[in-house]
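Below are structures written as structure tokens.
Below, chain A partners chain B and then partners chain C, in two separate complexes.
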Partner chain A sequence: MDDPAETARLKILVADDSDSDRLILKSLLKRLGYSVVGAANGRDAVALFQSEVPDIVLLDALMPTMDGMEAARQIKSLAGERLVPLIFVTSLTEPEDLAGCLEAGGDGFLSKPYNPVMIKAKIQAFNRMRLMHQALSDQRDLMHERNRQLQEEQHIARRVFDNVAHTGCLGAPNIRYHASPLSIFSGDVLFASPRPAGGMLVFAGDFTGHGLPAAVGAMPVAESFYGMVAKGFDGSDILREINQKLVRILPKDMFCCGIMVEADFAQNQLKIWNGGLPDTWLLRSPTEQYTLPSRHLPLGILSADQFNADMQSIRSQPGDRLLLMTDGVLECTDSKGQLFGEQGVLHAVESVGGDAHPFDVLMSEIQQFTGQQQFGDDLTLCCLEMVDEAGQAALPDAGELSALAGPTQWQCVYEIRDSTLAEFNPLPLLLHICMEVPGLRRKSGEIYTLLSELYNNALEHGILRLTSEWKYTPEGFDRYYSERATRLSEVDGHYIKFSFHHERMPSGGCLRVVCEDSGRGFDFQNHPVLQATEMAQSGPRYGGRGLALLKRLAKSIHFHNKGNQIEVAYEWFY
Partner chain B sequence: MVDKPHLDEEALAELQNVMEDEFETLIHTYLSDSRERIESLKAALNDEDADAVAKTAHSFKGSCINIGAPRLGVLCREVEKAGIEDRLGDAQPVLGSIEEEFQRVAKALHALMAGAPDKRVR
Partner chain C sequence: MPIQTHRSQDGRSLVIKIEGRFDFSTHQAFRDAYEHGGKDIKGYIVDLSDATYLDSSALGMLLLLRDHAGGDNANIAIENCNNDVRKILTISNFEQLFTIR
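Moving on, here comes the complex of A and B:
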């Protein structure tokens, strides 16, 4: 034998009813170095096979008690996945008889009279086959084990991912969505979160590639999105951050197509940024529908100075539905391999009528088209409906009181001026300063609302002198935003100054915020509209809603100077 | 037809080589097996059990070929064939030849064993 050590271990079962034949064969095999066990009939052979576990079996075809054929069948079935070469020793010569031996599970023949050279060669050949089968089985078992480990790891990775990239407020009543349960390994992501001062941000993304690499890219996107929304950043800020992060971490051939939607239910306004995903549909009524195509390159490609995060502003109405989707929708195929495509989406959108929800219509058309109830992994579809703010769950008072007391007696002044007014949103920073006070952290939504009302009023009305009323007609809406952009480029010499003063009170604290702008102000003392209200010192610059909000949140509101300085006091309690 | 030698000297020499000390045991085993088989053949012919005739003759044939008694093997083959083809009348006279041939083979094997030690020395 090739390998003496292996030969020594090889055990061969010999079954022959002829004592002399069995004696010859046993002697032959022993001389070749094998260990041999003998049986005089099929039944003994099967019993010995179980007790001795031989590596190779030599069987006489015709034996009393149980013939070789039946013994072969039982031995093969007992061997299961193990390959035990089974060789018939026979003087049978009829093809049907020989075929019968093979059908019973025989792997080959040895004919009488025995030829030692042939026997040795056959046993070596079958042993090679046995060892190869063993190696393959071992490798297969190893692969199964590795695969099991991999799945377990992915399962754990999935749980970590779910903690980071949770579904946010996708369960809100105004959102319908379909995302594959395996989406993290398909490269699609869908996030939604309420904004601190009301409204919502929704992000849908489609990473190039699949599997873990795509999921790894999705993690920082989720972190940035949820972290920044909670801190009061807007859609553009978050897009810039995500883009910069992805440019840094993703390899060159990987990027992320995405849609960011900022929904302001109070102002009935939508802001959209689409980079590389299919057209988003705005569905107002069966006859009034708009497509919002991609206007940008995907995220993770352009450097920070080339990246354009400007979002398209759209005036909306309650009941408007926004349908956003990833490529998976267009790439659905029917049984003939044809694509669902934009044509399929268009057809679905056009056939929405009556009370049918466009989400349901599109889903059922996709199901009909593909003929499947189950979709591929990489199909994400989301429908966001504009609703009254009242129906929205605002951010709850977040977090528990930190063990650290934090600052209680402090003040600071923060001023931005000139072109920075057009380029920078100071609200997240200002919110961050206030959030250092643990007692205020629980009121982040209220503080953010308060600061953003002050800031937006100072910028848009105080400095830019835009008129709120414009926003309420379709023509005025466009005019408002084009004027805003124009006037923002001419803000040299202007400033907005925030002064904060926080002090401790017996069971809480008081935050005073003075917001001053370089605008012309207004005559807040003699304004006729305001004389009748109890908030006599407010001015017409404030829309009814803004004023009502401030009044509800703040303990007091005062205007100073020529109306370009407003002071609010906000009290909080343990 | 039966032109095979009574004993295949070459095969027997090979067997002696393989079996070494067990050669005599093998020959005795073969001889006693063969006597049993001849009795079985007679009984099966008496019972006119063609299947048993064929099977017994088949096994007997295998042993004869292995031990190096080819002429006896050929005779067994004839009986096996007669059994398969259900011509038991033709098998009866061949059984006589088998008994005759077996006596000759047994004698020759005994002679071989008597001379075997010399052969091995050589």
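Moving on, here comes the complex of A and C:
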């Protein structure tokens, strides 16, 4: 900083009403290599400061017209954020006078008579200070600029992210949620999507770490979730896929705690998987409340063969509310640094009464606890309500008719057997085959419903011989699912065979599906639903509801052989 | 130092003792502790008797240690956790990966 090239450029303003003193100081400074401008009073000094923009100012304290104090005040104010060292050259010696100079904005003193060595040393010292201030200001400005750029980039990244990780059906009337507007950079995600055959899937996740790495990890999770739900995969399939993807792409010390909820409004059934997130609450009434704790490791840790994607099945009732949350809720702190914690959630849940919505109660308790309107970035809370199927808005027919005509005349047979029946869900694949026909693609929800009714009936009633009445009592419900798992693991010598046949019709097409299973069949000649025009509530093999659904969707239904083969025809029109 | 290491009594395991907060600030020290532990180590013991707090980045560090120690074949015990720390390990179901006692 004492580099001669730098000092040579220094411009110094000298203000002294004594012509001789000013002359001496000016020539002295010039000899030291500085460029110098001189003023004979305070007012001229201020004017020269504006026109010449000097780097350092030497001011006599006592001058006519405007004294050094006033000039110092004006110069400091004009300099603004720029540090212009202001040195009083004075014969004053009283501490009060000198203090007055500093209060007016002076940075130091040089006492008369002048000593060239002292002057040089002082100017160099103040110049060092000036340069340091300059460097700090430049760095600060640079930092502001970088920060502005970063925020702009984050906003753009956020827009891209929103397109991939959109909020799906979080706006549905049976969902209430809170997610911070910039939550993605804190590592929380919340997705919800309707399923092709009705019902919903909801996923809440919390990545370790935050910022860009968390956002980058969240993108493929969103893509897998929305892509797979639309294709008819269930919660377990999607969890397996997300886990495998995260194991592959995340560094070893990063993972994602998550909750997957599968809500089936028609069957009044909830399935839930919690890996590493706080207890989920099932709120039935003020006196009937259950916690569903985390039973699994978070996503992105275990390899595919160790990962357990089994979801817990819960029989639900219309009006049941499921409250899921990320760590951010428990980690809210009050002004004393106390945590909201499980106690806080428990208190909120227990004080829900009357018409109050548990979501509102919990949110307002968090607000009261933290004393803030705005919470931390990493707080996600979601409440899903089980509603009557009738209350659910139907899925709109998906998409426009493709420009490609697609296949119209085709058939195929697909058969799975034995252990594959327990390990593989063929519905997404079968749906995919049908979706190649543009006319069927517009009806994906109906086709999926049709296929899943056929498949589930063939598997659960045809092969496993489970009784659907079990599902209508709480004890039977658990028995149904434990029996289902046991019998599936023992399946031997069984198969389910789908045969598809599609052909063109004058103004559309017709899809014939034959579903055959290796089970014992049933007495379809005397089945009440098949005989009566009025739908009965249940039957020995096909649950009344499933068959009624098939009857509504398909143009015709026929049973063959001993009742182990069902044929449906589905027609579509342009 | 918030992290100290010594050999177990039989000399086969490395004991890593953490004091105070086990979070991202201890990342480098924790890594140094197991990476410079020696080649003949058969197992690791993470002693949390003096750890007051554990966050998700600490869980990540435990996973790194597990990977370093051989992944599924790793022999790692986490000892003497206080209730808060234990709770966090339980919610994440880390007992499936580590011996917690």
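What to note about this one:
Basically, the second predicted complex is superposed on the first by the 559 of 574 C-alpha atoms of A that agree within 3 Å, B and C clash if a C-alpha of one lies under 4 Å from a C-alpha of the other, contacts with A are read in each partner's own complex, and residues count from 1 in each chain.
Everything below uses one rule, namely that contacts are C-beta pairs under 8 Å (C-beta built on N, C-alpha and C of every residue); 3 or more make two chains touch, one makes a residue touch a chain.
Values in this document were obtained by computation on a predicted structure and should not be read as measured data.
Annotation: superposed three-chain arrangement on chain A; chain B versus chain C shows no clash, the two fitting side by side.
Residue contacts after overlaying the shared chain place A:Ile301 against chain C, while chain B stays out of touching range.
Using the contact criterion defined above for the overlaid structures, shared-chain residue A:Asp253 touches chain C, although it does not reach chain B. In the superposition on chain A, no contact is made by A:Ser335 with either chain B or chain C. Residue contacts after overlaying the shared chain place A:Ser489 against neither chain B nor chain C.
Of the two partner chains, neither chain B nor chain C is touched by A:Ser51. Legend: residue contacts after superposition of the two complexes on their common chain; A:Thr287 is shown touching neither chain B nor chain C.
In the superposition on chain A, A:Asn163 makes contact with neither chain B nor chain C.
Taking every C-alpha atom of chain B against every C-alpha atom of chain C, the smallest gap after superposition is 61 Å.
Residues 56-57, 59-61, 63-64, 67, 72, 91-94, 96-97 of chain C are the ones touching chain A in the complex.
Chain contact summary for the complex, chain A toward chain C: residues 208-209, 252-255, 257, 275-278, 293-298, 301, 306, 327.
Per the touch definition, chain A reaches chain B in the complex via residues 17-21, 23-24, 27-28, 31, 60, 62, 90-92, 112-114, 116.
Residues 11, 14-15, 18-20, 22, 25-26, 29-30, 33, 55, 58-59, 61-63, 65-68 of chain B are the ones that touch chain A when the two sit in their complex.
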